[in-house]
Amino acid sequence: MRYMTAGESHGKGITAILDGMPANLYVDKDEINRELKRRMLGYGRGGRMKIESDEVEIVSGIRGGFTTGAPITLFIKNRDYENWSNIIGADATELGKKTVTKVRPGHADLSGCIKYAQSDARNILERASARETAARVAVGAVCKILLKELGIIIGSHVVEICGVKSGYRYSSVEEIIEKSDESDVRCIDATAAEKMRAAIDIAVKNGDTAGGVVEVVAAGMPVGIGSHTAYDRKLDYIVSGHMMSVQSVKCVEIGLGRGYAERYGSEVHDEIFIKDGAVFRETNNAGGIEGGISNGEDIVVRCTLKPIPTLMKGLRSIDLITREPVKAEPERSDYCATPAGGVVLEAALAFALASAITDTLGGDHIDELKARAEQKRTAENGSR
Amino acid sequence: MRYMTAGESHGKGITAILDGMPANLYVDKDEINRELKRRMLGYGRGGRMKIESDEVEIVSGIRGGFTTGAPITLFIKNRDYENWSNIIGADATELGKKTVTKVRPGHADLSGCIKYAQSDARNILERASARETAARVAVGAVCKILLKELGIIIGSHVVEICGVKSGYRYSSVEEIIEKSDESDVRCIDATAAEKMRAAIDIAVKNGDTAGGVVEVVAAGMPVGIGSHTAYDRKLDYIVSGHMMSVQSVKCVEIGLGRGYAERYGSEVHDEIFIKDGAVFRETNNAGGIEGGISNGEDIVVRCTLKPIPTLMKGLRSIDLITREPVKAEPERSDYCATPAGGVVLEAALAFALASAITDTLGGDHIDELKARAEQKRTAENGSR
Amino acid sequence: MRYMTAGESHGKGITAILDGMPANLYVDKDEINRELKRRMLGYGRGGRMKIESDEVEIVSGIRGGFTTGAPITLFIKNRDYENWSNIIGADATELGKKTVTKVRPGHADLSGCIKYAQSDARNILERASARETAARVAVGAVCKILLKELGIIIGSHVVEICGVKSGYRYSSVEEIIEKSDESDVRCIDATAAEKMRAAIDIAVKNGDTAGGVVEVVAAGMPVGIGSHTAYDRKLDYIVSGHMMSVQSVKCVEIGLGRGYAERYGSEVHDEIFIKDGAVFRETNNAGGIEGGISNGEDIVVRCTLKPIPTLMKGLRSIDLITREPVKAEPERSDYCATPAGGVVLEAALAFALASAITDTLGGDHIDELKARAEQKRTAENGSR
Amino acid sequence: MRYMTAGESHGKGITAILDGMPANLYVDKDEINRELKRRMLGYGRGGRMKIESDEVEIVSGIRGGFTTGAPITLFIKNRDYENWSNIIGADATELGKKTVTKVRPGHADLSGCIKYAQSDARNILERASARETAARVAVGAVCKILLKELGIIIGSHVVEICGVKSGYRYSSVEEIIEKSDESDVRCIDATAAEKMRAAIDIAVKNGDTAGGVVEVVAAGMPVGIGSHTAYDRKLDYIVSGHMMSVQSVKCVEIGLGRGYAERYGSEVHDEIFIKDGAVFRETNNAGGIEGGISNGEDIVVRCTLKPIPTLMKGLRSIDLITREPVKAEPERSDYCATPAGGVVLEAALAFALASAITDTLGGDHIDELKARAEQKRTAENGSR
């Protein structure tokens, strides 16, 4: 399975092509739209979100609701393109408008202009924008539908915003899914949520921004996805790249993650038990991956998102043309994207897992894949 | 650039094939051996290290000291293979010896036996073993030689072991390189180093193990490596996969990493300044990567290594055959691999960067690549 | 450089995402449309071509005519989608219409239905259709624009149709480009062209189809693209895959190709000469590739296209549902696609070469790439 | 599945790493050696073959005869390395010996020296040499063992040498396997074989070389391998690259190949019949691939090998250093490699098919893969 995305923040729209989906999977478009809507919510969003009532257009690969095995094209229109077409479009003539030369620290603006020999950072930021995550969410939504058929569900919740930590420890992914979206900061610990909102309020007041940490969890994975045999077939290799590539993410933790550095081995490794023939663990510090292979426990990944680097108060920077010190351009942006970031990271994990599963199991159509996943789920160690 | 590794812990040896190195690079074999030696040191190593006085054999791709553009084969012999040949070799007949059925939590043992239908976890652990990192260090050593020609150097130091944190903040990679290896825990803060050793001593005494955190830093990167345009061309996507795939790593942080969640945007973004025409930043929280592109600052990556899951005291587990509760097999192992882990992670970063650089710059031979890197290093934003 | 295509023959349209184009390349949309138009011409086309007055929509990656380094989305609308939307669309409800169960030999119909567990071959043929080549032509057109900037031009002409052979031997690619499109069978030998038309007429009369051979040539390649060092970096590996994957192609020849089997080595190898310091060859049987590397001579590839397997007269086959012998479905189709096939194969070669060039040279923007290509073009062997 | 090869013609040896083999496959080393031996035979071989009594060393991935899922390292020692070590080795000091500056037309010599900035073509030709095919044959031998378990067998025979055509049309792959190796030109038509030998004798007498055509056939493929949905997932895309990348190959034909250009569609397409519920075809012009998907018929690929470009009589060329016209270096070589080429091409096809099969079916261990191949073999079209 593979996918590519394309499209600019103020261009016609965002396109994704997703290749390798098994045939005969029923894809409910409303499910994709529901995920796109989830991506737009959250406390501390800027003006952009108000104009982004995204809806997916399925351009190919699905007929009468079912996949055919052909590549799926997902298109999400940018609603304000009409105002931008002559500035940003392929045939645009007003390239001198909306130029960005006061490059924003923390973004690709400056490095991008150097790499690609540009003098207008608009040519960089339009693509670097987190607007691209709309495509990733749409792709992830289709992957979630596939995973659900295989008995795998994914949820996320916010565990930290600007230093405020959630006290919630999850007991089941169902619970996460049920409860996190009830909170506008997507934090299940109500008291912490209150403080998070307060921290965001301060950011809003000061023209500042706030980052945070999201925990993403997948339940129902069969044992044996990924492999210990080659560094780039390890499930954690695959997962970490997809998560780290989401805009703003600067830290990826599997399971206990950073916490592994603080305790002795005997305190953190997940011991293995057996009862009535059933193998189980009582803890899951490994986050469902041992030796690069899924072990059947929940996949647990925590990602830290930096505060969005576009500040209304303006960071000190330079102007590309005048080479003078300036305040960086304040493009319209959010104050805190962490709650919505969780939705994007669910999508990133969904693709990573769906892709790793089909790499391991193949599967031309959904019945075939379901049967193989079931076999894998019930497999015991071999007799050789 | 790409590489594959192969080989088992007690097999004939470990092989790597590294493809895509520019021609005419002088590769000093002693440099590779020096890195292999560094990998074997560190406080808290087990018996294995004593028999591992690794030396690389260059089987192909280098003639009279210089690369030819052909794939480079690096072979590292396992010194005790003669004792294992009839147990582990391709023609082995004593497969019933040295079997491992008391699967070790935290390793690939159990999941690997299920995935690959094995009843002897030896068939899994021999490949899952961190012995494989010898190949990665050899590959990384060649990459380091390339990077050095391009003005890029890499160092690492231990910033935490079992909860003991180093107070050292690096000022230059040269300093890290010079000082970290002077400490047997590879920690530059002498007081912290003392405490780290004490923490490891406790692990040794208790048949336990300790994890930690390593900071790996690369200086001298040109601006413009990686790209913001596609998720899988982002430099952080590339780097994080390589780092996370190193045995025991459970957390990868770029720059400030986890710390981004604790402060407002105005406190953490690296502002941009200009003086006498030269652009610079005073901070480097981004760890040298903005928007998926190198920005010319040091690349800073911090990785958390879990405590090695092979404990002399034995964790609770099951026996694959009897299906009874047992203490897990105590294969010979280390008490703390974090100091040496830094050496492996330097290698992983070296490959990631060398690979990203040649993806961006091409380069059939070293003079060509050097000239292009130099052009890139002095490039300013374009005039379009 | 990489690209993906998506879309069905009667769906909304065909999408391509092309990633890795250098920035600052001027892309004239008319050039793309001109290529799309060339693809639709040729003697012996069926009704489909009449409704296919394709025009490309550039959805992303190009601003005011210039590339930005971002992925380029190219969309080509299917003009009769409105008549098909409720049959073929994502939300279609009339799935029972236009079903195809009388599977056509020579197509993916039967094998596709088995692989993807379908009972309506419509779900296979819509994607397997050569309609997909519209996207490949659009992608190739952008690649041609890039190549032209680098001094590389590509042309093609028909050398055989249904046993009628062209007597034309090309002297320059310019000549091919100039003359081949003047003929509606794209054959430069006028007498042969006459006979080809007659052969096609017979096919039309009999409800039959005709295949042929196309020669595709690229002039201006720098020396040193591709590599002898790894099987999958050989330029002929790369080129042959792209050519063979074009619908109907069953044979790919580089240079003298099949003819190499008929003569002794001394008769066919291209001897090397030098005059006034300039190295040259008087023949080009190698087709510009020696040892997997471009040698500076024209790249010459000949591809055989089978007769289109959709025959008005109907081939003997089976019905998927009734399991009875039937005549295969006569979907609307062409009588001879070889002339247009040359246009598609030019596009396939353009991508293969552009991709191999940027793999070797890198190049973030067009000036950088041009300078590197120029260096490569004037390079002599080294002094090591 | 993937593999890399490395090693020079006169270096220590040739290494291959093959990754992705299912576990629990019994690999008989004698089978690999038997294939290596087949590669060395044939009428018209030069002196090199006499010193090449190759034997494989299995360095990793196989224990007691069985695969473990870990990457397999195959090493084939170069028997005359001791005489070359100080000329070609990593530590060689006599780099001035055995230099090649009289570059040979038809080889990578000249283009390689330009690309990689070399002045001694030895640094190119050592890797470009067909010696590398020893590794490919070893890899292919392992793939053949896998395929055999899945009921797939591969054979080849020579259909043309230097214009002499075999009259043999195969009826079964078993027959090819049985009969072709009985002939020292691997031609099953005894009369043609006689003439082929005569043609080779002329080449030997004149210090010349002869090329030819090989037909490679695989029987037993399940339906549904490859895909029509994406150009680079088509089975013919995959197969053609692997075949074309074999040294000397300049033409790849699938099924009727070039012959498709000569007849009408109604004469060449393989009609589909059904009898007692069983679907079958009476012809196989498609060579087992329709629309990029295997259709269950034999996979038939014909490859043309050019005459080896190293001629004892010497071709006209230049000297890299003096820039004077010279006769090209006559490195030791064969007069006709086509018979042995068939063995290499069997290996290339074996990898291509094994790889495509595991891409489609997954399969961590051989029982799993066998069961899935069997399901696929008996699958009918779906009911959706």
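Letters A, B, C and D mark the chains as written, and numbering starts fresh at 1 in each.
Keep this in mind: a residue touches a chain if its C-beta (ideal position, glycine included) is under 8 Å from a C-beta of that chain, and two chains touch if they have at least 3 such contacts.
Everything quoted here is computed from the prediction, not taken from an experiment.
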Taking A-B as the reference interface, which entry in C-D, A-C or A-D shares over half of its contact pairs by residue number? C-D
Contact-richer chain pair [B-D vs B-C]: B-D
If every chain is reduced to the average of its C-alpha atoms, which one ends up farthest from chain A? D
Based only on mean CA positions, could you tell me how far chain C sits from chain D in angstrom? 26
Counting in whole Å, what is the centre-to-centre distance of chain B and chain D, each centre being its mean C-alpha position? 37
Distance between the CA centroids of chain B and chain C (whole Å) is 44
Hunt down the residues of chain A that sit against at least two other chains at once, touch-wise. 4-5, 19, 23-24, 69-71, 112, 115-118, 123-124, 127, 224, 227, 229-230, 364-365, 368, 382, 384
Which of the residues in chain A end up touching chain C in this complex? 2, 4-8, 11-15, 17, 19, 23-24, 27, 29, 58-65, 68-73, 88-93, 95, 112, 115-118, 123-124, 126-127, 364-365, 367-368
Which of the residues in chain D come into contact with chain A in the complex? 19, 23-24, 66, 69-71, 224, 227, 229-230, 358-365, 368, 372, 375, 382, 384
Can you tell me which positions in chain A touch chain B when the two form their complex? 4-5, 103, 105-120, 123-124, 127-128, 132, 136, 160-163, 202-203, 206, 208-213, 223-224, 227-232, 234, 236-246, 249-258, 260-266, 268-274, 277, 279, 281, 286-287, 290-296, 304-309, 311, 313, 315-318, 320, 323-325, 328, 379-384
